[in-house]
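Per-chain residue numbering starts at 1, and chain names A, B and C are given in the order in which the chains are listed.
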Amino acid sequence: MAGRSLLPAAAVLCWGAAAMSASSYRSPFPPPSELRAPLDGANGDMLALAAGARRLFADLWFVRLMQYYGTREVREESAEPGHEGHAHSLDAGGHEHCDHGADYGKGSYPEFLPMARHIIEVDPAFTAGALYGAASLAFNLERPAEAEELLTYGLKYSPKEWRYLTVLAAIGYSKAKDPAAVAATIAPLLKDPDCPVMLKQLAAFLNKRAGNYGAAAAIYSDIAATSKDEAYVANARRELEKLAGAGAGKPR
Amino acid sequence: MRRSAPVVLAVAYNSFFESVRSRFFTLAAVFAFTAVYASVLAGVMAVDQEARLLADFGLALIELTALAYALFEASSALPREAETKTIYLVFSRPVPRWAYLAGKLGGALLTAAVMLAVMAAIHVSLLLFRGFDVPPAYAWALAGTFLKLAVIVSFAFFVSLFSTSPVSTLVISGIMWTLGHFAAEARFLAERAGGLKGFLLGAALWLVPNLQLFNVRDGAAALPLGLPAFFSAAAWTLSSYLGALWLLSRKEF
Amino acid sequence: MTAPAVSFSGVEKTYKRPRLLGADYLTAVKDLSFELPAGCVTGLLGLNGAGKTTIMKLLTGLLFPTAGKVRVFGHSPSEGAAKAKVGFLPELPYFPPQVRPGEALAYYGRLSGLSGAALARAAESAMAKTGLEPHAGKRVSEFSKGMLQRLGLAQALLHSPELLVLDEPVSGLDPLAIHDIRGLLAGLNAEGRAIFLSSHSISEVEKLCSRVLIMVKGRLSRSVERAEWEAAHGGLEKIFVEAVK
């Protein structure tokens, strides 16, 4: 009977010990104040936190971003390897813009940055999502400032993430109109499984333009073999055929 | 104590085999298989992130399915035995109540572990079949899920001994599970609120098990799961068990 | 004089039903004192709500008395030493429909502390005594009410108890099943076991018991010996009706 009356005290003691042991836990996630969910996504975010399923909901935000960005037709303008016949345009200020030879994903997409940022607000460890967003913003949508903002936010929770730093550097060289430096900077990233396909595409194109056909062909082959994005895969196959047809498979 | 060990095992095995034989278990297994397979569709939409989505979707579904089944079992096990009078046949024998409760809890956790293992085997097969690697922390994610289930299932046993129905036990335990995942956010809000409000919120947090501590699946927990995580899970589980035992020892049938 | 198998002295049991504000109290048995001698068959008669099931549960440790003292072979009913000597058959016992009788008996045998060869022997013997052997391959879902009752008796017999507590053992059974159960109980009593059974069937109690306790509204109204009702005009039925009126 005495043992029975001790049970509640023992239960409280155990609970306290558990809570004490867990009290050193610090969440690796951004605080709720940083979650800037679009209105139609607030419920999903609540569910993500309640079910402890941030990764899954970050994935779903990534899918939403891809759907928002739409299906792209990837097409390089140059008719043969090494020909820089791709579109260049002038903006209102008279500055020349380069498409890097790829006509994909153009448009205003005003929600792109908030949606891309929200992916890493929900799961800051989703490096591939952040890289995809930053590369799209910087090299497809030509909004490098927004890409830098996204990567800077990513670095806040992953300060040692070399891939973010690499893309930031590539954006810097791109702004300085130094395509060779851009290609050299992103080269180490290409072997990384999280490297977004458009960075590979950019690297392949820049190598092709610089006459490094062997390197370009290797990257196109990698895109064709590993990417599940049909637009990029189709373009890579086309480019590989062109490179083979021009007998440019060998590096110069 | 040593003489009661066979009783604990007998109750645990009986509880486990009853679960496995029940139709609900089969339904849960079918659901899990279908759901995990359906995640292939979602995976395709993620294009180059298909492997990640497939892994995340599968692990989340595995946890939710096991949670639903384990909570259903835990919240109805004791009331069902009382309702069918099976408990009369048990407690009219020299069965210590602590041994019976330990057996019931052990049976529920064994069922949860087997469910996790079966669903994980389906999921891993699916990943390998699709040519993807199994995520490196997969086993730890399952271990974390099991620790979460242990904490919440024992809590459900405790609640089932004073709640008015299995449904209310399910609801209360479900709320606890949700709050357990909010613990880190709630702590942030308490620290930010400050003053009396912050103090009260901070104090209330001690009543909620921090399930993020075990949430390897979500990348919330440190890898590998450390001693504090295992200790906390064991202590929370033991606490709920002792609370349940206190109620059960006073309970009449 | 041998020690009684069971003794109730000044026992009261009040149920508490918590309400939103306060609680409702219902006294099921009050000021109850009696003894059950070892080796005898004692019946418990009473109308619905007279407290019969409460007495059975107090005796098996499923309920705790609010006042007074219950002793089973000199121990508190909650103690393992008392429970090891008691076999209990509740009214309409439940077994999971998918199990076979042998599996159910193996489980309850283990709970009674049996294992290995002793468990196998006990299960076999209980099945033989209750006539379940021909049905060993069937699942409980295929059992009739009578067979379920036999299985209930078999689980109560597993650990060779000195006292059998049977709550409505022939309730809902057909005449043939009642006949079989009666024969079985007589045989068990012949082995020296005490039997304490409650029933609504006066004729059954009359046939089986050497003594009957009549409960009226939670109190022990009368304790009647076999010789008394055999000598009385109208038998036990008349005595019972007079007691409860």
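Quick note on the criterion: a residue touches a chain if its C-beta (ideal position, glycine included) is under 8 Å from a C-beta of that chain, and two chains touch if they have at least 3 such contacts.
These figures come from a predicted structure and were not determined experimentally.
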Think of each chain as a node with edges to the chains it touches; is that a line, ring, star, complete or other? line
For which pair of chains is the number of C-beta contacts greatest? A-B
Distance-wise, how many Å sit between the C-alpha centres of chain A and chain C, to the nearest whole number? 74
How many angstrom between the C-alpha centroids of chain B and chain A? 35
Can you compute the centre-to-centre distance for chain B and chain C, using the mean CA position of each chain? Integer Å is fine. 39
Under the touch definition given earlier, write down the residues of chain B that touch chain A in their complex. 42, 45-50, 52-53, 56-57, 60, 64, 178, 180-182, 184-185, 187-189, 192, 205-207, 209-213, 215, 217-220, 228, 231-236, 238-240, 242-243, 245-246, 249-250
For chain A, which residues are in contact with chain B within the complex? 4, 7-8, 10-19, 21-22, 24-29, 31-33, 49-56, 59, 62-63, 66-67, 123, 125, 128-129, 132, 196-197, 227-229
Chain C partner, complex, touching residues on chain B are 3, 6-7, 10-11, 14, 18, 21, 84-86, 88-96, 252-253
Please output the residues of chain C touching chain B within their complex, sorted ascending. 57, 60-64, 80-81, 83-84, 86-88, 90-96, 98, 107-108, 110-113, 115, 155, 159, 165
